[in-house]
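Shared chain: chain A. Partners: chain B in the first complex, chain C in the second.
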Partner chain A sequence: MIPGRMDAALDRVTRVRGVRGAMLVSSDDGLVVADALMEGVRGNAVAALAASLATRLGRAMEAAGAGEQRFVHLAAAKGKLLLMPAPAGMLLVALTDQRANVGLARLEMQQAVEGLS
Partner chain B sequence: MANDIRRLTAELARDPASLAFLQLGEALRLQGQFDAAARVTRTGLERHPDLVEAHDLYGRILADAGNPEGARATWEHVLSLAPRHASALKGLAYLAYRDHDYDTALDMLETALSEDPSDETVVLALQTVRGASDRQEAEIRLRTGADIFAGIEGAERALMLLDARGLVLGGILRDPKGLIVSEDVAAYVAGAAQEAERACRLLDLGSWEAVECEGQDGHLHLSMPAPEAILVVRRDRSVPGGRVALLARRAMAAARAWLEAQAG
Partner chain C sequence: MKARVVEPWLVEPVERFVRETGARLTLIMTPAGQVLAQYGFTRAVEVMAAAALGAGIAASTGEIVRMLDEPAFRALNHQSPTHGIFLGHFDSPRGGLLALVVYGADTSIGLVQLFFEDLVADLAAAAPPPPTRGPVLAADFERDLNESLATLFR
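Let's turn to the complex of A and B:
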């Protein structure tokens, strides 16, 4: 994967208002591949938790017959965690505040993932 | 009544083979003199062992005297002699009703009614038992969670409530082929919910409110209607995500109401 393309993908996502950071994570081990995070965001923690969450939700979706995971939106009281599978066994992760437009963030994440293919 | 008892006692003394023992036994039973009623009826039965009405009377005396097993055996004997004996059927229906065995009670009463459709006592008993049966069924449905999502789209295939340990509380989840996958999904969802909680805590996101998952073939929506309870909504891919969230809100209100009823 060309680092420039990864940076461009992350940049695309972080331009969405309310996004506090985006990162590409290895789905298997939860390690950071590339990131673009606001100060104070704990990249390693986000990566590990996002990968673990995606794995567990993926199992639940498979068991429910919902098929392969496409997008996950975790809504919490003070922000959101968005996950989207990316090529080469990666996961595109975005951490947002409460104001973020999830629809727009999802669209940009989709296009960022397509740019990585 | 006392005069009747005296008259019938005298009549029986004059003619021990008389069927007056039936009236005397019944009169004594109605007066609450169960030992005397049982004695008179047993004596009568010694002379008339095949008299079905005497056995039936003895069953009523035993029931009133607080010996339901004796009464049951007696009425069952009556039915072996006269399979559609209305009074014995009513007696056995009463015992079944006392034991909360409403199906048996209804069977007995319906058979009795078919023998004599004008018997008001059977009609009233049927109403009582049906009411109790309906209440029992409603309680069971409430307790087992079968009705948690009644009236909500997908209640019979795509809505499920589980506890934080991954045990199904109610509702049902089927995969697109129609197979029930509730327990499998519940186990995985409980793990995912724990991970969501952990992620929110460590990332300082506050408590998690919902997780919306889009898959190739469908959506999965998770939310928490109450602490320690997780609602799962499954929808086909064709249903827009916004509508899934709307449906989840309705299901969440139903789940909360059910959980509150359980707590109460």
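Let's turn to the complex of A and C:
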């Protein structure tokens, strides 16, 4: 995968208002492949925990017969975590604040993932 | 299964690390291979072998690092389809220590690395001041080693 395409994908997501950062994470390893994060975000911690969360949720969906995972939206008191599977065993992760438009962020994430294919 | 330790201050940090990462085996030891804590091993001979091999890997990698004029050895990771092995060196109030961690496919190197950072901080916070020691004699070393192994498998 060409690094320039990863940067373009992250750039697309981080341009959405309220997005504090985006990362491409190796799903199996939980390691950061590429990132564009605001200062103060612990990228390695988010990557490891988000990959673990996606794996466990994926298993739960599988067990429930719901098919493969498409998108995860986790809302917390001060922000949101958005996850979307990406090609080559990666996971696109976006961190937003409370005011971010999740619908728009999801659309941009989808197009970013398509750009990586 | 509980962590077996030579000194009680090691229990909580090691058990937290195992709980958070889901590691199958964990060994905390000195760079010389003297074991301070273990989790998951059932036989003393396995602990001795793993400690000797881990210390040997750290020593030989450290020598390569030295030849390359790089800073000291910090960590190594081996990944196979079913298991991963992480070997990390860290500084503690008791001097340099090594952590050898074997983990399965239900966790990841990202999680192990993340909680390894927490383990190092937890051990630094929990460690009592180092005891004053006299000169190390061969007879004392063998006695200490046997006492440590007896404690770890009591």
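Annotations for the structure displayed:
Convention: the second predicted complex is superposed on the first by the 117 of 117 C-alpha atoms of A that agree within 3 Å, B and C clash if a C-alpha of one lies under 4 Å from a C-alpha of the other, contacts with A are read in each partner's own complex, and residues count from 1 in each chain.
The working rule: a residue touches a chain if its C-beta (ideal position, glycine included) is under 8 Å from a C-beta of that chain, and two chains touch if they have at least 3 such contacts.
Just so it is clear, the model here is predicted, and its values are computed rather than measured.
After superposition onto chain A, the partners chain B and chain C occupy separate space and fit alongside each other. Within the superposed three-chain model, A:L104 lies out of touch with both chain B and chain C [touch as defined at top].
Shared-chain residue A:L95: touches chain B; no touch with chain C. In the superposition on chain A, A:A47 makes contact with chain C only, not with chain B. Of the two partner chains, chain B is the only one touched by A:L57; chain C is not. Which of chain B and chain C touches more residues of chain A: that partner is B. Of the two partner chains placed by superposition, only chain C is touched by A:D29; chain B is not.
In the superposed model, A:G65 makes contact with chain B only, not with chain C. Superposing the two structures on chain A brings chain B to within 10 Å of chain C, judged by their nearest Cα atoms.
Shared interface residues of chain A, touching chain B in one complex and chain C in the other, are 45, 49, 52.
Listed in rising order, the residues of chain B touching chain A in the complex are 173, 175-177, 181, 184-185, 188-189, 191-192, 195-196, 198-200, 202-220, 232, 234, 237. Taken together, the chain A residues at the contact with chain B in this complex read 41-42, 45-46, 49-50, 52-53, 56-57, 59-61, 63-81, 95.
Chain A meets chain C in the complex at residues 25-26, 28-31, 44-45, 47-49, 51-52.
Contact residues on chain C toward chain A in their complex (touch as defined above): 79, 107-111, 113-114.
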